[in-house]
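Note that the chains are named A, B, C and D in the order they appear, and that numbering of residues resets to 1 at the start of each chain.
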């Protein structure tokens, strides 16, 4: 038997509270889990700063990756049992696609780094590119294992993840509007955060999957189960991923890294600027040319270790932001809209007057900056639609028949907020800045930026 | 109103999947949660290396500490509602003990460091002493807050935690055989690990608590609920905390730190020994004289950050053990007993022949080394017993009437194991050490060390 | 202390998997639970025929009534703690309304009979009128207990249930778009059926309740939690309460009772018609003049006991329908719309040709016949709207700001179906009616009634 | 393909909150579920009177029977996948035993009647004999279906249930110390009652099953999971099945049926005794000669329907006991032992003096009368032991290595109680019987019968 399909002498399992067990049946899966690149995911939290708001959401990308693998495994089992191809071109499932599907599911996030979204914003790294690199670069443990299957296999696995693999069924199991990735993270984030909006009926949905020539459709008879999944996602985005306090911690992290980066740039021109606070492992990122090896050396603990040292640097903004990040001192925020945005200069001015450099202590931020991927067939960069399959094999797009999904589709959900130091909300009258604070507060009505009341 | 009992304008809550919510009602509780010393607990995993075996058990001492607070809050609510003292000396609950109880519950673990048990073993630190220090040392944020109550208050809180506080009811809520600490960690470790043996009926047990002059007793009518709790603890110890693979990862960590320490000692005599791998933040621990400040600078991420650098040091044992720890390469183990222990020298010899320094690649370890605290009223250092209260107010000790608990009481559960490199189990015949491996394996029968079979 | 507020010597609890415990603290609550009228609810299933489709949904109106009481208790605790009235007319909660609220919650469904909706349809009884009667009629155990409070008290309790009680807060806790009744049945039906769509975050919603002069509003900050509740209801209606197989069993029950009733009417004119199958306890219902005593003598078991005897009566339709009901032989159904409805006469004709009396073996039924109460502020008979309260105390109606709720509001969800004997779908070619069956089947496309295909 | 193994065109599922789904894959399983004898189990509660104490425990033998089938299905899948027989006599699993195992699991309880244990005690029926009869008697729908497989098949299925089937593996899956029956009822009773002691880790245990020549053993590596299951059973017996209030309701039911039976016997000699209260459907049971048809006509609803009519009969004891049963007026109870039993005549005398016929208003009852089947290899009628299998295939009996199980083994758990009317505990001093009550109460100390205190 080839290495790709070689079974373990005895199936092994990993305990997982979301799926009860992760079942590992093939040698190659176990070997991939045991690589240094994959084990590194244990040290990167799945939700980044969200655990500052939902304290128990401390789970890692390691367990999520195992969960994606496990759902992909359940899907391929279901497809193989009920819909194995009978004649070429019948549009059904080809069981020989099983292993590449499982491996792509396991590895789809392997290039994630610490606090990816924020970090990438400042340092222009790209976790998707690193995922491809880890898989296809000779010398990584993962590449070495995949290459044992065939010289082309690493590139094939990578192509599933970047959606260029020819079989759309395999691609859609790993990335589409209802894929193993999203199904695992909704269930997992709900379980660990305690915000149960993310729960939906996985067993029910798995039974609906139906392969066809165009990819994976869902039996129309279970349309309401799909609706429930879509609404769960919507709720998790609004209530957890876009939570104002969580976004506020991201603002602090962004501004902290921005400040460090600005100091680095300044030091290029001005030798007096001390940038000894930048450790060797981080320097390549300031120079925008990290190697794969250097990238893999980062994890949450590494960043936080150096942030801890930044508490004591001389630059007052850098050290203060480091403290705010580590000791969880979120900014506060108010909602605004196009109309009320005209007051932003006035309140920024007041924040400046109270002694804060607004470049590092405020931010305007709407949740659409975040990687929200609500189902939208009208999107400019259209995603795979959710197709429902009727008894006779014809299909129809979900939002055409679901009023509930239609209500969410194409709408930008979320909100637009302005973040500022909590100190601006002080009401203690013996503070020297009290009049400034009071004027600032007069611009807030019911949590919204508004015409000042006196 | 005094600062100690000052209510928040509006109760605030933190989401927690174990207790649904953590309810914060007083200003001082919120202030303590927001200290740098308490926030640091987010960066220390509750179960240390156990997440290497139960991958989802990644929760921190931060959420556990909040959970202990929340259970203590529920207990004091129950005692205040049903058993408030009526006349002095009636042995009932004094509601003015509420706040010190909650605060002691919140802070009881605040001195924990990264991988405490292993780390302390090598570096002779003591997390209990640091807990006392953080609370009572002028200058910590926690001490500053507690001192606002009264100059004596920090010492009072500390005395609850070290069990010298005069009111035994307060002490027993925080530390006894059934206390807020154990109840939270059993439920929490079960929830996060997915090993549900730790589940028991918290609501039921809370209803049984009955204060009396000697402390806290339990209504005898619910004796089986107490039995269930005791058995849950027993199961969690055997199945999770004493899991062989988890202990094996602890062995690796111990040997890694031991190797570093041995090199440090050697360098005192031999300047040729390179100890530049020891970072400034760890040096005070090798010198056995860390300050409180230095201690507080450590967390899981800091240790792991430096272990990551140790992958590349010249000392082959240090670098290999760092890789084994970070990339999760557990040792294997076999069971042994007094009789079969006589074969240990023989198999150690074989391990040496296969090229491993047995000082760093093997260990004998029984689970009694670990802080197992099964209920045992006959213990040399007797713990508070679990007392059951009859209708007429008289009490009786649990194991006198529960056959089930009696079966566990005073018994040393766990097992004695010998750990060794997994490579010794290789069966590949073209390896140069194959004959050594084969001889080694002949000493194993059904997972036990035994007379060699040929 | 008055009887109304007299506490039990010791709080008593009932185990409940939905709320963990039902807490009973007052004597009057315990006394009401122990009445013969309330205990009778144990013998009436909450979901009637739905357990024919979701087999585990066998729970009774007894446990639901306890659950409504428990949620009402939690609500009044929350309102009393956080929003007790300070000055007359401040629109806050009056703690003296506690007991009437709890009692109305406990008793709100006490007049339900077996398979209420179907039964009432045929026999023109009204469970709401019987609820009022049980509470206000001298001689019932419930009335006797309530009268101990005051002569007017029974009528006051009844007025809360029929919504004429002056305090709108009390009324809305018991019946409104988000009331203790709906919150319990969604959670309970989800728990017992295993269709978890009904789950929502009760703890979260309870924290949002805010009394005001107009009733009960919800803190706008938790708007998405309310959305989640509304969507849960929507899902439970579509997936459980309106399930086609469940509606089909209701059709059989309706037709069974209709047949019995038709025979009874026929016997008034034709003495040859044998109606000895109607037992004395059911006769008053055929005569449309049951007394309260006679009504209370009915429960699920009584109806089913007599249906079991109807298996053996001579009338072939009555006996066949009894067998179909007892042995669970649901009708099949197809969807239709205004356009395709024109084919109904043709297919009814075919059913007749196959030997079925269409008056008793078919039905057209849309789910709007069922007591669906989706949130709709534009309803002719407008219900209490869900009002969201802003920080400054102003309110706004939910659907004005929730796109999701707006998508459901005022829409008639559900579907229109035609029910017929399963035998019509036979494909066995050696049946004498095969050509009739085949022609019938030609009218079905993808589960819809449609132009016949050949 | 033969009828026995004929697959459904499409797998069908039933929702079940305990197992998520019950998967039905073969035509014969669906046909058996749809029989009148099997559907009848919907009308018989699994736990009889226990729902009087745990109100939500209203689930039926129907859902339990489906659950046993589902666990048996999971077991046979596991055995077939991992342990299919390779050579005759290897002691492994023969996949052709699958269907008989599933069918026996589904039907194992089909002969249960209403309140079986109590009913059988009075009327000398035997539900196990009726299970055999339903399966093997020509003319039942179940027999007709089974006979389609082969003329011998009904007897073969029956032999699995009565443990005479030659393959011990099949027998042990259905009835042994850890079988599909017990595993389902523990999980199910725990889920529905809300008493979570019955929870154990089904997925874990299913992975341990290992067939061998002697039946089914369990991998020794999971010994603690087996311990956990045994302790769960122990707890469910003590806390739910033996609950004093539940046993008290059984006493009332027993005495109610006994009274009816005594009146029937009396009427044989004395024509003046009115036994018109005995309905035709119950008469054969008083005559001790019910036919199978008559037996199948009984269910919970039928009994309760007639008990409802007994409320109004002239015999004051019969009518009073009927009211106590229907309106849930449990007797009270006290514990006693061999020593204190000497006071029974004295307190019985007092109960008589207070006006109660002690033959119908008291009972002495220990929980060993109930069908407790704690694991006990030393039992006179020894049951199948739980065998643990080592790596080399040798086995050892569980209690020899588990201290916990050993603590329970062979011990009679439960307690001995004396039941009496609640009225005896009255303390109201203006009752005519107050002195009698007071004297009665003087015999009770801490819930135990004891020497009278004055």
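Simple rule for what comes next: a residue touches a chain if its C-beta (ideal position, glycine included) is under 8 Å from a C-beta of that chain, and two chains touch if they have at least 3 such contacts.
No experiment lies behind these values; they were computed from the predicted model shown.
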item: Which of B-C and C-D has more C-beta contact pairs; value: C-D
item: Most distant chain from subunit A, judged by the mean position of its C-alpha atoms; value: D
item: Subunit B and subunit D: spacing of chain centres that average the CA atoms, whole Å; value: 43
item: Approximate Å spacing (C-alpha centroids) for the pair subunit C, subunit D; value: 32
item: Subunit B and subunit C, separation of their C-alpha mean positions in angstrom; value: 51
item: Interface hub residues of subunit C, defined as touching at least two other chains; value: 20
item: For the subunit B and subunit D complex, residues of the former touching the latter; value: 196-197, 199, 201, 224-225, 227-228, 231, 234-235, 238-239, 390-392, 394, 403-404, 406-408, 411, 413, 445-447
item: List of subunit B residues in touch with subunit A within their complex; value: 14-18, 20, 34-36, 39, 42-43, 51, 54-56, 58-60, 62-63, 66, 191-195, 297, 299-302, 304-305, 308, 323, 326-329
item: In the complex, subunit B residues that touch subunit C; value: 11, 13, 20-21, 82, 203, 207
